Structures are given as structure tokens and as C-alpha cells.
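Think of it as A, B and C in the order they're written, each chain with its own count starting at 1.
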Amino acid sequence: MNISRSISRRMPKGRHFVIGVPFVWLFMFFLLPFIIVLKISFAEADVAIPPYTEIYAWAEQQLSIVINLSNYIFLSEDDLYLAAYLGSLQMAFFSTLLCLLIGYPMAYAIARADKDMQMVFLLLIMMPTWTAILIRVYAWMGILSSNGLLNSFLLSIGLIDDPIRILNTNVAVYIGIVYSYLPFMVLPLYANLVKHDQSLLEAAADLGSSTYNSFWKITVPLSKNGIIAGCMLVFIPVVGEFVIPELLGGPETLMIGKVLWQEFFNNRDWPVASALAVVMLAILIIPIILFNRNQAKEMEGRA
Amino acid sequence: MSVASSTYKKVLEGDQQPKEVLVKIERVTKKFDEAVAVDDVSLTINKGEIFALLGGSGSGKSTLLRMLAGFERPTDGRIFLDGVDITDMPPYERPINMMFQSYALFPHMSVADNIAFGLKQDKMPRAEIEVRVEEMLKLVQMTEYARRKPHQLSGGQRQRVALARSLAKSPKLLLLDEPMGALDKKLRSQMQLELVEIIERVGVTCVMVTHDQEEAMTMAQRVAIMHQGWIAQIGSPVDIYETPTSRLVCEFVGSVNLFEGQVVEDAEGHALIDSPDLERNIFVGHGVSTSVQDKSITYAIRPEKLLFTTEKPAGEHNWSRGTVYDIAYLGGHSVFHVELPSGKIVQSFVANAERRGARPTWDDEVYVWWEDDSGVALRS
Amino acid sequence: MRGFSFSRLMLWVGFAFIYLPMLILVIYSFNGSRLVTVWGGWSVKWYVGLLDNTQLMNAVMRSLEIACYTAIAAVILGTLAAFVLTRVTRFKGRTMFGGLVTAPLVMPEVITGLSLLLLFVAMAQLIGWPAERGILTIWIAHTTFCTAYVSVVVSSRLRELDLSIEEAAMDLGAKPLKVFFLITIPMIAPSLAAGGMMSFALSLDDLVLASFVSGPGSTTLPMEVFSAVRLGVKPEINAIASLILLSVSLMTFIIWFFARRAEHRRKKAIQQAMEETTGIREQQGPDSRRDPSQVHATA
């Protein structure tokens, strides 16, 4: 029951090293950067290298810190940013829902397949995640463009008379996101569903529950952790997604990742980009904590 | 069976042999956060004996074993091995080896490599390792399986390899954690005897942990009954079974009938107990020391010593009237549940010596009775 | 169960959805026409053309280099992190540590990218390092988020392991570090390989982080592809995309092949062991059955 503790106790020197190395790395390159982002979000844009002002000054034995809220005020005053945040959240919400609706039956089917086939199916699901997202999105560009394959196909079977515009619309962005993020939904769901004890369903059937009823009353509640993990793995990154809206979206596609990119690379306004990131993080912090808790539960499962 | 009887013989002769203490556990306590797993336990283990820690789950027996192995450090108290304080010694420095419940064979190593692992850690020369591994394989009769991987072995074979591995370094003390836990019942009794034979041939001192009393009694010369972190009784299997010192022990080991009562007569050579469950007093063939205020006592009698007849016993004490309430036929013997006039139900084991003898049946009126020295009077 | 069901149907529809676009992409990479939507007959000229594109080839080499370094570092860091998460249950800041390890899995890339860049800029100002951004900074960025993936994969394997196997090694005299290298590492080797390959692919894949933290002259393959793709579909890109797809499929096939072979061997060995033990029992069986009276007596 307390086995693991005893092992760790037995390596007093190694212990610090084992914990220390990944900890220091992640602290340096994951946590510390956020603090700097927060700091710069309170700075002012400046024509300099780097292009922002320092928020603290040391003069005459006096430390003065200037917290400049103008970036945040700027964000709240311009409707563009609010619309971009809402657009991102909406996009993330609906694409997560779509991924769940498509991914759950897929994960279920894989988990119920023969052992040999399970491995084949899993590899088929995982393989796309090993190829560049850029390439997969790019593949859709050729298909969805107004003179692309989809339109040619629809025209040839006479369903439409004029090419419809799909590329550079939100529809294309939805397709791209669902396409790219589907594996991240299926994999945690599968990992959860495959652990289910088949005899639970048999017991339910034995007690007179229909297959449909058993699915909703037993399988779905038991896969709660898988659903949370899958949804978070899709929802959180999609809120900040840049590549897909940039390549498949059009002028109507307002997403915060794209806006941040433009502020940073096109306008070179680092403080505003930082403020955008801080607000985005503030929105996502609850889902991220939820995900981390869920993950910790799964990770420590038996420990 | 010769092995078992020799173990039993050793138990009976145990007192005549000179005892040399190997392990001394001194007031050891182990707390996990606030939960006390082992509570102020002191005991000694003699050289060459097989010692069993017997208890239910959560009794602290495994924690005690893990402290001997060095996987847990006592919160309080010291442990000595051959006079050396090993309390703070890490497991890899202790001359103690353990056979794990799951056997814990290294899945990526062959049988021979598994056995050689410990020797390699001691930087033993290659040639010597080979000789030793060969010797160990022979000991457990696994020579032809030396090149196999653990997953290519059956449960019994894995256990032999695990035993060979833990004996290879000739440890001063061998620890067995639920040695039969992973085996099916049939294989179990066979392996119990085989294990004892090997351990005795090697002559290693052994501490085992088990929840199975039959296993403890078959294999061990001394048994400690553990309960909620403390030791309820230490003794030979015969002591534990025939002269338990507490209700807890006699209820834990085997089945027992208990009668609550008051001591009504307490003399040098005998005592009388009055129990409301029985029509006659209980006669005990020795004095019972009781305090002046509290005369209450428990009388324990094993079901195989509770006899019954259809005729009224002639004696003054130690019997009662009753009716047969239920009969469980178990093949070798039957368990008769007899309801006493007070409503208490007692158990009596009757050996089925005849194939189809005439026996009392349901609702028959019978008498239960016992010899003067069949039971034990318990103060706690 | 039933051969045909809704979930089965969805699975095949899902696979079609995932693989049809890729298939189309590969087919069109052999299109002879410069107009990407018009079929102009089979041709490999776009593939040949790739070899002459030194800028693109440089980016490919650079990306492969970074991916290699990333895979190595992420496996080391991720394994350490996984070991801490599964074996060291209690120390100060454990919750924070768990959060730090898993958060990069979901953190939007634009946030990670921006924050890392700002860190590098601030560090360059403060201590003069990193003097310039390039392969090193991209490697740091990739290693940080790949570590999270590796630690998830490895910790799930570590959790399945019987802890007493490691304890047994320690009991037999191996010090903790030796236990880790002789026992733990060999047992989790497949997941280390999986984590390493995943990191390699993720690093090769990344556009956003690299765009933020790269400097002049350290353009990676995804950045090259992105700047080309932004302007629309191009046949050269079809070719390079197809090459990536083909190499990934080949890798996947190899993994599948070896995993299946290992699994079959294992099954066969277990079956063999079981047959042997039942064989022994059967040999003993008839002996005791030969004398019915003896059976009766012992029963």
C-alpha cells in the first residue's frame, strides 16, 4: 500500500536528482515564461529591441513598478477581441461536440473488436497524429476549394449548378478541426472503454436492461473520465488554434489564436499579444485544472 | 508426508534443542500517517526455525515482513540480525532475501539469469555464479528449464524459480510473503511440503507471512497470530490451537464454541463455571485465577472435542441437553449444529468413520458433553 | 456480438473521413499538370523537382536534426517525470509537478510559443543567453511539450508494472540506480520507443512553436511548407506532403508488424507452457485411475 514511498525513501540522493531535473526544466521553460508574459502584458509597446518598455525601474534606491493596464483596457474597448474570444469558444465547443459524437462510436467499436484488430484500428487512428497537421489541413484545401474535388464531384452528379464556397468559411474550419483533433478524442475514450468489464453489461442484460438502456446507464457513466480527457484534449488546444483557421478559414473566421499571431508577427505589438495570451489563459485555466485533475486521477489510479 | 511429520516432531522436541536467537525485533512500531500498522511489537526468531506471521488483512503482518526486508523503516524500535542493528540498513545491503507473493520474476531474463541476478550484484566471479546457479536449479528441480523466460513457466515452476533466486545468495534469513497465494488449492498442499523440505535441506531461517492458518500450521514451527498491529499469541501450532490465551486467538484459528460464565467455585485443583447457556456447570481440572470483583470468564471448546450421545451422560458436570438443528456433511467429517435449551447453537464435529452409520438426524434430542480437560478457560 | 452495428459503421465512416483526403493528396502529387485541380496524367516531376530545391532540402535536414535531439531529450526528461509521478508519491509541490507535466498536453501552442519567446528574449537581455534564436531554442521548445507526451505514455506503463519486481531486485542487492537501469528500463523499453517516436513526429510536425522561437536562418520544414501553402495549393507541396505521409505509413506498418510478431511469440510461449503442465498432469492422471479402489479409499 505504501510501497512506492519506501522506494523513494531508499534513494535519498537520487531522489533529488530524479525530481529535480524534470522539475527545473519544466519550471524554467513552462512556468517561468508565463510569469514573463504576465509581466510584459503590463508593459507598453515601444520602438526598441525588444519592443516593449520595462515595468520596473531602479532609481535613487527606489524600486518603482509601473503596472500599465492600458493593454487590457484596449482589449475590452475593441469589439474585435471580444468577438475573437467568443468565436474561438464557440468553435471549440461545437467542434468538441462533433468530435465526441463521431469519436465515441469509433472508440466503442475499437474497444469491442478482436484483440488483433484493435491494434490495427488503433494504429490507423494514431497514424494521422504522426503526420504533420499542416499536411492534413493542406489536403483539405485541395478538396474544398471552389474548383476543388468536392465541388467538381457535386457538379458532375448534378446536385449543384454552381460551385459552392466552402474553403475560407467556418464550415471548412469545422471540418479541419474535427479532422485534425478526432484522434485525440478517440484515444482516451478507447483507453477508458477497453478497461470496462464486459460482465457488467451481461449482468445488466440479465436483470432485464435493453442494450440501449445499458449503454446509457452503464457504459456512458463509466466512461466519464475518458469523456472528460477527450473533450479537454480537443477543447483547450482548439481555443488557441492558429493553423486551421489561418488556412481554411476566411474573413468571417474570428479566432483568438489567429488574432494573437497577427498582433505579434504583423503588428509587432508584444504587450497586446501578451495581454491576449493572459486573458486566453484565464479563460482556459478552469478547463486545464479540470484536465489535470482528471489526468492525475488516471495517472495515480492504483498508486 | 514424512516431511510434515518431521516438522511436527521437531515442534514436539523443540524445547530440548538449544536456541540461538537470529532476529530480534524490539518494540517496533510503524505508522502510516496516523494509521498504526504495527504497534509496539517485540519478538525473537531463532536460528533454523520456520516462523509464521498469521493474521487477516490489515493485521500488520506484511508491514512487519517488509520492515525485515528493509522496504519500510520502523517509526519506532530497532531490528537486530545476528546482533547487528539493521533498522536503517537499505534492503540491498541486508543479508536477507525475500520470495514475493507475485514471485516478481524479472520478465526479461531467463530462469538462470533470474537466479544469477543476486550473485552478480555481489560481483561473484562468473564461473562461481554458474556453479551456484546450477546447484540452485538442481535444488528446485528446474535444471532443464534454465533457458526459459518466466512467462513460459507454470505457476508452480515460477514459484520454484523464485525460491531458488532468493536462496542463491545463501541469506541469513529467508522471507516468504504469502508463499502459496498465487497457486490453486490442489497445487498448494503439494508445494507446502516441497517448500519446507527445501528450506530444511538448506537450513535457512525463515519468516513467512500468511492468512491461511492451515499453511502456517503445516509449514511453521512457531506461529505468531497478529491482529490490528499487535501480536496476540506466539507459540507452536499445537500451543496456538490447543491452549489459546485469548478469545481472539481461538476464534481466529479453527472453529470454537464459547460459553460465557461466572466462576462459582475456585479451588487449588479445580474450578466450577456457571454458564447461563448450559444446564450443568463447567468443571475445569485446574485452578482459575480470577479477581475478587470480576468473576466472569469465557470457556472455549473446539467442536471436535464437543461430543454428543443420545443417552443422558452420567456425570455431574460438563454436559447439556440439546436438539439437532442442522447437519453439514463435509465428506471426511460432519458438522452437527446443536441447539441448547437456552437457544445457543453449538458445533460438534463427528468423523464419518462408517460409510452409512446410524446417526441422529434433524430435530433429534441429543446430549453434548466433553472431558474435563477438553476446553480452555479464557480471561480475555 | 452482432457483425454489423452502428458503432462499427461509424468506425468505417470515420476511417474514410480520415484517410480519403490523404489518399487524394497522394494521387494528385503524381499529377502531371501544374493546375492542381486538373488531372494532367501521371508524372513524378514534382518529386524530382524537390531534390533541386535546396532551400526546402535544408529545411528538411534541419527539421530532422531538431526532431532527433528532441526525441532523445524528451524521452529522458519524460521518463524521469513519469518515474516521479508514479513512484514518488509524496514530496513538496507534487500537485504542482503533476500539473506542470500534464499541462503542456493541452496548452494552446500560441501561448506556449509566445511565452517561450518572451523568456528567451528576457534571458538574452539579462544573461546574454541565448545570444541568437535557432535550432537550440526550437529544441528547447519542442522538448518541453514532448516531455509531457512521453511522461503520459511511460507513466501508464510504469503503473502497470508489478512494483515487487523492482523490490525483488533491490532485495537481491541491486542499488536503486542499478534497479532502474537493469530492471525498470528493460521492462518499459517499448513505451520508451513509442514515446521517442511520438516526440520525433511531434517535433517534425510543429509549426507554431518553431515560428515563435526560431531566428533568421533556422526555418524548419513546416515553416517552409506553411509559407508556401498560405498562397494556395502547389504541386511541389503535394509531393513533399506525400513523402511525409508515405514515410509515416511505412513506420506505422513496421511498428505494427513487429508488435504483432512479438505478441504472437508471447502467446505461443504461454500456450506451450500450459500444454506442458497439463501434459504432466495427464501423465500422472492414468496412474491413479488405474486402481479404482485406491481412488475410493482416498476420496
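As a working rule, a residue touches a chain if its C-beta (ideal position, glycine included) is under 8 Å from a C-beta of that chain, and two chains touch if they have at least 3 such contacts.
In this text, all values refer to a predicted model and were calculated from it rather than measured experimentally.
Chemist: Which chain's C-alpha centroid is most distant from that of chain C?
Modeler: Of all chains, B has its centre farthest from that of chain C.
Chemist: Could you find the two chains linked by the most C-beta contact pairs?
Modeler: A-C
Chemist: Report the most central chain, judged by the distance from each chain's C-alpha mean to the global C-alpha mean.
Modeler: Of the chains present, the most centrally placed is C.
Chemist: Between chain A and chain B, what's the gap in Å when you average each chain's C-alpha atoms?
Modeler: One centre to the other, that is 57 Å.
Chemist: Can you give the whole-Å distance between the Cα centres of chain A and chain C?
Modeler: Using C-alpha averages as centres, the distance is 18 Å.
Chemist: Starting from the mean Cα coordinates of chain B and chain C, work out the distance between those two points in Å.
Modeler: The separation of the two C-alpha centroids amounts to 51 Å.
Chemist: Two or more other chains touching the same residue: where does that happen in chain B?
Modeler: Residue numbers touching two or more other chains: 70-71, 90-91.
Chemist: Among the residues of chain C, pick out those that touch two or more other chains and give their numbers.
Modeler: Correct list: 164, 167, 170, 176.
Chemist: Got the chain A residues that touch at least 2 other chains?
Modeler: 2-3, 7, 10
Chemist: Residue numbers of chain C touching chain A in their complex, please.
Modeler: Where chain C meets chain A, its residues are 1, 5-11, 14-15, 17-19, 21-22, 24-25, 28, 36-37, 77-78, 80-81, 83-91, 93, 95, 97-112, 114-116, 118-119, 121-122, 125, 140-141, 143-144, 147, 151-152, 155-156, 159, 163-164, 166-167, 170, 176-177, 197-198, 201, 204-205, 207-208, 211-212, 222, 225-226, 229-230, 232-233, 237-238, 241, 244-245, 248-249, 251-252, 255-256, 259-260, 263.
Chemist: Provide the residue numbers of chain C that touch chain B in the complex, in ascending order.
Modeler: Those in contact with chain B are residues 162, 164-165, 167-176, 178, 183, 186-187, 266, 269-270, 272-274, 276-277, 299.
Chemist: Okay, in this complex, where on chain A does chain C touch?
Modeler: Counting only chain A, the residues touching chain C are 2-5, 7-8, 10-11, 14-15, 18-19, 21-23, 25-27, 29-34, 36-37, 40, 50, 102-103, 105-106, 108-110, 112, 116, 119-121, 123-136, 138-143, 145, 147-149, 152, 179, 182, 186, 232-233, 236-237, 239-243, 246-247, 257, 260-261, 264-265, 270, 273-274, 277, 280-281, 284, 287-289, 291-292, 295-296, 299-303.
Chemist: Spell out the residues on chain B that touch chain C in their complex, using ranges where they run on.
Modeler: Result: residues 69-71, 90-93, 96-98, 100-102, 104-108, 117-118, 121-122, 148-149, 151-154, 156-157, 165-166, 169, 331 of chain B touch chain C.
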